[in-house]
Each structure stands twice: as structure tokens, then as C-alpha cells.
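Two complexes are shown next, each including chain A; its partner changes from chain B in the first to chain C in the second.
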Partner chain A sequence: MIRRPIKPGTRITLAIVSVLVLCGIYTLLSVRQHHKNPNDTTIPTWSQIGEGIKKSVTPQPGSGEIILWEDGVATYVRLFEGLFIAVGAALVFGIAMGCYAPVEAVLQTPLSIAAKIPPTAMLAVFFVLVGINQGFFIAMIVFGVTPTLAQAIYQSAKKDVPEELLNKAATLGASQGEQIWNVVFKQVLPRLIESVRLQIGPAMVFLIAAEYVVADVGFGYRLRLEGRKVNFNIVYFYLGLLGASGFLIDYALLTARRKLCPWFGR
Partner chain B sequence: MNSRTTKLFTTCAAALTVGAFALTSGCDNSSSPSESSAGSTTNAGDEAPPVFSLAWSEYPSWSVFGVAEMKGLINGKEGELGPVEKKWNVDIVLNETDYDTCINMYANGAVDAVCITNMDILNPSMGRTAVAILPTSTSFGADACIVTGIDTIQDLKGKKAYGLEASVSQYTFVRNLEIAGENPADYIFSNMDPAAAAQAMITQQAGYDAIVVWNPFVLETLKQRSDAKVLFDSTKIPGEIIDMVVAAKDSLDKPGGDRFAEAVIDTFYQLNEMLADPETGDETLVALGSKFSSLGLEKMKVVVEQTKFYKTPAEAKALFDSQELHTTMDKVTGFCKDYKIIEKVPAIAYGGSKDEPLTFTSQYIDAVMEAGE
Partner chain C sequence: MNPPDGSDIVIRLDGLSHWFGTNRVLHNLNLSIERGQMVAVVGPSGCGKSTLLRAILGTHPPKAGSVLMDGKVVTSPGFDRGIVYQRYSLYEFMTARENVAFGLMLRHTTIPFRVFKWGTWRMMKKDHIRQAEELLVKVGLGNAMDKYPAEMSGGMCQRVAIAQALVMRPKLLLLDEPFGALDEATREDLQRMVLTLYQENTRAKIEGKPPPHTILLVTHELNEALYICDRVLGLSQYWNYQGAGHDSCPGATIVYDRAAPTFEPNTPREFEQFVAQRDEIRNIVFEPENPPDPETHRDFWTRRQTAGSVNV
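Coming up: the complex of A and B.
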């Protein structure tokens, strides 16, 4: 029975059923809460959530802003800027550590210590060091994600790259730079993508935490504001969107990995 | 193969359903502790007092309840009673959490009463009928706009003032501009957590020349930056920002609900007597400020000046029974409507049947006074 495959159709059906069951549980909770208090807004009914969605996507009277658009752009620009820098830094650190023992000796200890400090615990430190501007959000993500990513890449550069391949490349006349680019990087790439997939969640945690405190636009800002105003219909809609967009990013990365590194497996 | 698939399918579905039931029934137990325990007391037969919960966050006139527990007046744990609880035969459970969570716990029905301001109760009251049973303090300088390098209100024009949006900070900001004859639309209020805003100013970050925060951040910022000064504060609007204790009508309607309200009020006044007593006053004040900030005794004396306690039943009644409270609430609801903090203005009653979303009543304060005599 272990690892016995199931039909693709069954797989999809089961996935849909599990989501439906989740919705069912939510409906149950909501109905129960509204039975206790018909005016409740903390566990909104589906129609209340519908109103929340409508409010989020229609232009605000006066300013004409669509809050979902404003928040989405702000949050995802911050997220991708942060991730972009984090991945770049982690690649450089990780590959350098995997290839050169002195770099490894210097960076290994600080990185493993840094990887264990949650940036949410350092919010106050970032205020002072970075200041409060766009850089603040990016710093949260970069400091939060880079150490872990760099460690994963370093491990991969050390273990996933067969010695023979490096030797072969060297005997064929590849320079160190060519060995790194053509052998190490190519071997590390699927691990990198897998690690980024795992780090999207933490990156989002750090970003939302930062937005909760200092942003005047963005998902974290809206979640806190609407939570305080007890507009949970907007809160749940936003949470759903965070989940869905995370799912999509994850899927996109998975697809990219399959396309770029078909040899790595499913 | 086909039958196996079906079997697998049903197993998964069954597992998910069981999970669903476990989840919903689990929530049933946890979401309304007071309700379930209040229910069990009637079955118990040994006349255990009914249990009611109060959510509070760290603020001078609300920390009173935490200090009351420290001093042994009440016991905030379920099943254990302090003298005041014994007097009123009711078990008060204290839930300390941060302010936003307090609001949500009240709205969700997870607690029976909450420490909240007259502005922040508007939204929750439309979901869960609210009764303001006790004013604890009013902001008289505790909310302030602090500036550096800005001398007049006009200089503030075009500069960003940082503070928590849709909160009493924004209210202080807008009301002061109105009083100064300015059009609030000409000024920019930008969202930021007050602790962060204060820190931005203290660490001299560029662009943070104006912040609107509350205590302890007002005093903390002034202490740490000598060139910072108060441009305006809530002394211009005394009695408009009211810190209070609000109980849900559904909780007050439960057996012992009245006694719960009275016990909370009694606790508040007993601790205020300790504060007023020259022998115990300083010590109690330090206890009150211990978690609030790192400000010492002298600064705490300023804090309680700026957060004026309604320390006697007479002062509380003078506020709750006054005509002024009506105009205040009109201003507050008008502001909340204008700034889209509320979608519609809830009906507010002053005394009476408690059927409106929000009722202010001094009935429970009266009951405590009568019992005291």
C-alpha cells in the first residue's frame, strides 16, 4: 500500500474535496456564531465576506483608490524586492562557502547564528539601523531569509556537486569561474528553487509583521486596521488571498524548477 | 483498483469530517469559557459563584485591575476568589492582552467585559450590544502631537504626522486642527504604530518631524529628545476621549451579571482609594506603572495627571449623567463617520433599557454606592 499511486482524477477530486471540507467547517463555525449572535462580524457569513470583497475591489468614494490594488502592489513589490536581494546574496554566500574552505570557515558560524534570530524579534533594532522606509521592509525579508537560504545552498554546493564533475571540467580546461557557473550553479539551482519555495512563507511572516507596525499601505496594514474595526469580512478575504497567492507563487517556482532542471525529478 | 480507490476516498473523507467535528467542538469549549462555566455552576449545586471575564490591556486606568489582583483585592484566576469577589459572590477572570486583541475578544464574545475607549467601542457595539458601565479616565494630555523644528500648527501643513490611523491619536489630531480653525484636509496623518513613531523620532530619523502618540510614548519621547515639544494635545478636548469598562448586554443579562458589573466597579474605586491614601499611594502608583513604562514615580505622577482618573463615583456620575456626554459622543461618531472608521453611526442611549447598540449607564455605579453605605 505504501507509495501506491492513485489516478490523476482521484488526486484532483481529493484536493477539491479537502478544500470544500475546509469551507464547510468554516460555514459551520460561522453559522454557530451567528446563531449565538446574529449581528456578529468576527466570523462573517459568506454573504458578509462577499460585501467585504466588494468593498475591497470597488473604488473608494472620494479618493477613487481601490484598496486591494494599492495593498497588493505595495506588499508584493516589497516581497519580491526583498526576495530578489535575499536570493542574490544567498547564492553568492552559499556557493562561495561550498567552493572555498576559508570562506566556509569564516561565514559558517555567523550564518548559523543569524539564521536562528527571528527578524520579528529584531524589529526595534531595524528601526535604528535601517530607518523606517521601503528599505525597512526589504531588510526584514533579507535578514530573515538570507542566512537560511545561504546555508541550504552551501550544503548543496558541497554535497550535490560530484567531485568527478568538477575534475572533469577542470581537465577539459574550465577556469574556476567556468566550473562554478557551468557545474556548481547548475547543480545547485534546483535546490535553490526548492529552498526559495520553503522560504516564501517565512518571508511573508516577516513582511506582514513589519507592515503591521509601520506601513500605511499593504496587506499587514489593512489586516490590522480592519481587525481593529472588527471588519473581519475583509480580514478573511485578505487571508484567503495571501493563501492563494502563496500557492500560486509556489506552483510557479515548482513549474520553473521542472522546466529548468528536468533531471532533478518531479 | 477501483474499489481500493473508493475505499481510500471514503477513508480520507471520513478523516476530514472527524477533523472538522473535532475542530468545531473544540472551539465550542474554548471560545466562551465564561458561558460554559456559568452554565456548570447551576448544575454544581455547591453554589460556586458565576464566572465572568474582563479583558484589559496595559494602560494606567486599566492596569488598576492588574494591580488590584497584585494587592489581593480580586483573584483573576477562575475558581479562586479575592475579598471583593466574595463580597459580590462572583468570580472575575482577568484576561490581559494587547489592546487590539481586547477589541476582537469582546466582538467575538470571548469575554464578558472589556477595557476600551468611547471611540473604539463603536464598531464592536454594532456586532455585540454594549453597555458602558464605568468611566475609568479621560485623556488630558496623554495623547499629544510632538514635533521637532516646527513652531506653529501652520508649519505642520504639508508635513506628515505619524500616528495610529483610526485611533484616538487621529481624533486628537483632527479635533485640535478644528479647534485651531484649520481645515484637517490640508494636513497629512500617516499610519504608524505609536511605539514605532516614537522610536523614529527618538532615533532622529529623517522626515519624522511630527508624531501623534499616547503615553508612555509622549513622555518617553520628550524625555529622550530635548528639542522635541508638544504642539498640541488632548488638554484642548477634556472629557472627549474616555477610557472605560464596557460589558456586553448578553453577559449582564446572565444570572449574576449585575453583580459582576458592580464587583468590577467596586474594585476600581477600592484601588483608587489606595492611590489617594498618602500611606499606600506612591507604592500603588509604582505598581500601576511597573509594566506600563520605564518611567519612574515622578513621571508616573505626570502620567496620572494626563490620564485623569474618574476616581470617585461622583466624578463618574457627573460624566455619565451629563448632557455634555451627548455632545461628546456626537463629535466622536461624526469624526468616525467622516474618516470611515464606522460605516454607520450606532444609536446611543444614555441610561434606560440597554437595547441600543451602545448604552451609557451609571446604574451599576449607583448600586455600588448604595451597597457601600
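Coming up: the complex of A and C.
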């Protein structure tokens, strides 16, 4: 039956089963591959992956660096800095476009065009304009995420806030600033959080791609390096970490949306 | 005829006309509403009732003529005029209590005040919440203060919306078909609630105080107009313009302005009491066949002076 609800216990059980099935399929593939070639590292066994994890979290001889820590800090600082700027800019652009027709007229076309250009195609431009530094990675995320996010906020500010609510706020004594902050922003906040949730994936893509090409530390750099050395036990570990961290960020945003906007989706 | 000298006029329309491009909507509306009156505006679909309301609200100022609130020209919305819409009546991200207290916050504080004088703001907020709760109890929602609009019925939402407007003590409360989307029983409940406001006016007049509530209700329900208002205006595009019928009318105008019977909130509704007037309004305002002369049935003030007493 379409949309028939299931019990929460059943939902959790099915989720666990789906992960176990994935692990099972991987194990089968790995065993099969190692049956063909006992020295294979492209589909490592669980014990090989364990060795990769151990190598990633053990201080390196000489430098004493823990590569997972170094890569994690570099990547997530870049990700959160980029997202912070992108969300801030998108919020300002989106709300201004939804509230003021002249701003809408000025920004709508450039944003639509910018949203269609993949930031990875802009690598050369960023090399020249920003240089290869922290700003390069942040620019990739900001350029990739801001236009789409701004368009989502603009649509929400325009469609989800009927004129009647703004007129009513004016009759209650709201200034323009209060109409924007107390009505428009509060109304679009859940949509903003939902849009950011959807943009986490693309932001990771842009960042990892940039790190893959030019970084000397970070998840993208490590994936390239270990991939070339065919150390897939580390590659899979990093991919798993990327997936898990993405899932956690998504869950944190969902929790924030539920806490900040309890009215949404009730 | 104009209101007699000394009348306490809240709102006056002087030669108000409005049009959109070549579409002429309202033509030369002249109207004075006295403090404490409950005035219904009825008329056929497309006659410009909502345009009139927007002109008074200030979101769509008239193209010609003026709207004066207590003698001052209206150019934009302000807290001297409250509004209750049929749809989008509440902020869905606020509870009933917060929706009602919202106006008090906006009126008495600013964003910098709330940020930089946080302690004082917290104290004020408690008082705003208390006032909101009192009003919600008054409109019969004492047990729904923490509910969000999505968790309330249409009738409950409209009660909150009325409380939200009343808490600001507006000089004029505009009701834009507020009960149009409600079922019959809920609508009747809310109509009685509006009649309690009329009772408060009556009580204030007896005590020699200015009546607190002046209401302009836009509705397409004739029974509703006659039941809860003490004055009915008929706005129509079907009137006799320069003896040439309604085809050449330059927009709708007021063709009917007469007193309506008054009711107590707790007495049963007896439609028989206003059947004759309802038929009269239907013939004059809604029938394109016999377009009236706009002056003939616009005699609220004349009749009141003739009656020689204030309609309480």
C-alpha cells in the first residue's frame, strides 16, 4: 500500500539490515577477489582495512604526525569556512531578492548563470584569481554552493511569505527591518536549513575535487596519493569517513531544524 | 449627506477612486465612519471590496481622492488599523500566544532595543505575554496558547487573528471576509464573538467613554452583514451613471448606506428580523437589471438625524 506507515522499530531494523547487506556484499566481493589474487589491494579484506585504519591514526615515524588528524582538520576547516560564507552570502542575496524587486532584477540572471557553471570548470580561473592557498578551496565551495542556495532562499522568501503577512506585520508596527528579520527570515529558516542539507554533498564534491588537484593535505589529497599507491584499504576508510561525516552533518542540521522550527512539517 | 457636526469620525474617504490601467474599479467614494460603528461592506463579486480595504489599509493608496484616519492622510499601513484576513491570518512559526504578543513587541520595541537592552526587553516580554494570554482567554482560547497555527482549526486561527489585531487597540479593525472559509457552526460562534465587541461599545457609551471598537467588515454574506454590523454599505458596479445605466459606469461606488438592526450575542439569530432589508440590499446592490441612482439609498446620516437619536 502506498505510503502506509511502518513502526519505528521496523524502520531501524531495516536500516541496520541494509548496512549489513552492503557489508556482506563487500565481503563476498573481497573474498572472491582474494581467491583470484591473494595479494590484491583494490578490494581489501576487513583485516587489510583494519591495517589501513591503524596506519592512518598512528603517528608517522619522523614527523610524528597523525595523517587522519591532519587531513581531517584541513578538510573540515575548509568545508565549514566555505559553507559559512556561502550560507551567509546566499541568505543576504536570497532574502534581498525575495523582498526587493530591483535587487531581484539585478541578481536573478547572474545567479542563474553562475549556478549552471560547475566550479570544477573554474579551477584555472581560481588558480589565477585566488592563488593556491586556503582561499582557493573556500572559493570553490562558495562559488559552487552560493548561487543554488541563494535561488532556493529567494524562491522561499517570495513564495512562502505571502504579502498579507507582511502587510499585517506593518499594521502591527513592524519596520522594514523587522519585517525581514521577524517575518521573512523566520519563515524561510527551515527551507534554508533544508537547502543547506542538500548542498552538503555538492560542497564536499567541490572541495575534494580541489584538494585532489592542488592540496598537500586533506581528504582529497590523501585519496589521490593512496589511490596512486593502490592502498585501497586507506582509500575505502577515507571514503567511509566522508560518508559518515556527511551523514552526521546532515543529522545535525535536521536536529537543528527540528529544534529551531518545531512548527515546520508538523 | 455628511455626518452632523461634532461626530467623532474615525475614518473618512474623500472622493476615493482607484483603477488598474484602463480597468476602473472604484469611483468617487465618499464615506465617514464614526467611532464605535460596525460597518459591513457588501457587493457583487469584482466590485472592488478588497481594493477599498487595501486603500484604507494603506497598501494600495487610491489613485484619486484620499483616505483620512483621524484627519491624517493614509499613505501606508500603520498600527492604527488592524487587519484580519480570510487566509494567511497567522504567522505559522509562532504559537497562538506568540502571535498575539507579536504586535506588542513590534510596537513597543525595536531590534536594537531587543539586542542591547536585553534585560529590559525580557521584563517587557513577560508583560506582553500576560496581555496576550488575557486576550486569548477572552476569545475562548485559554487552553490553546501553546499551539501552532497548523495544530489549530480554522475557527481557532481566526480567533487568534482577531485577538492579534485587538491587542493593538486599533482605531479601525478591518475584517476581510474573515469567516468565509469556516463551517456554519464555527462562523456563528465567531459572529457572536464580534457581537460581544459591540456590547463593549454599548457599555462604553453608557459609561460616557469612547467606544473601543470600530470595525469595517468586508463580506459577501448578507445575513452576516446584517447580523453583526449596525450599518451596511452596498458597493456596486451596477449603478445609473448619468442616466445611461451601468454599462458606462466609471467603476463601483457606494449605492446603499443604511443602518442595520442590532443584536445581542446570546440571543438566537432570527433572520426574519432582517428579511426585508436583505431583499432590499439584494435588489439595489446586486441586481444589474435596475441600476439605482447612487444617492437614493445612501441616507444613513439623514435617517439617523431624522430619527433624532444616536443608534446604540
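Convention: the second predicted complex is superposed on the first by the 265 of 266 C-alpha atoms of A that agree within 3 Å, B and C clash if a C-alpha of one lies under 4 Å from a C-alpha of the other, contacts with A are read in each partner's own complex, and residues count from 1 in each chain.
What we mean here is this: a residue touches a chain if its C-beta (ideal position, glycine included) is under 8 Å from a C-beta of that chain, and two chains touch if they have at least 3 such contacts.
These numbers come from a predicted model, not from an experiment.
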| item | value |
| --- | --- |
| Superposition on chain A - do chain B and chain C clash or fit | fit |
| Which of chain B and chain C A:Trp263 touches, first, second, both or neither | second |
| Touched partner set for A:Gly173, first chain B, second chain C, both or neither | second |
| Which partner reaches more residues of chain A (counting touched residues only), chain B or chain C | B |
| Partner chain in contact with A:Val230 - chain B first, chain C second, else both or neither | first |
| Smallest distance from any CA atom of chain C to any CA atom of chain B, in Å, after fitting | 29 |
| Common interface residues of chain A - those touching chain B in one complex and chain C in the other | none |
| Chain B to chain A touching residues, read off their complex | 5, 8-9, 12-13, 16-17, 20, 23-24, 27-28, 32, 100, 103-104, 107-109, 120, 123-124, 126-129, 165-167, 190-193, 195-196, 199-200, 203, 205-206, 208, 250, 341-342 |
| In the complex, chain C residues that touch chain A | 57-59, 76-79, 81-83, 85, 87-88, 91-94, 102-103, 106-107, 110-111, 148-151, 164-165, 168, 170 |
| Complex contacts: residues of chain A adjacent to chain C | 162-165, 167-175, 177-178, 181-183, 186-187, 189, 261-264, 266 |
| Chain A residues touching chain B - in the complex, by the definition given at the top | 6-7, 10, 13-14, 17-18, 21, 24-25, 28-29, 32-33, 36-37, 39-43, 124, 127-128, 131-132, 212-216, 221, 224-225, 227-231 |
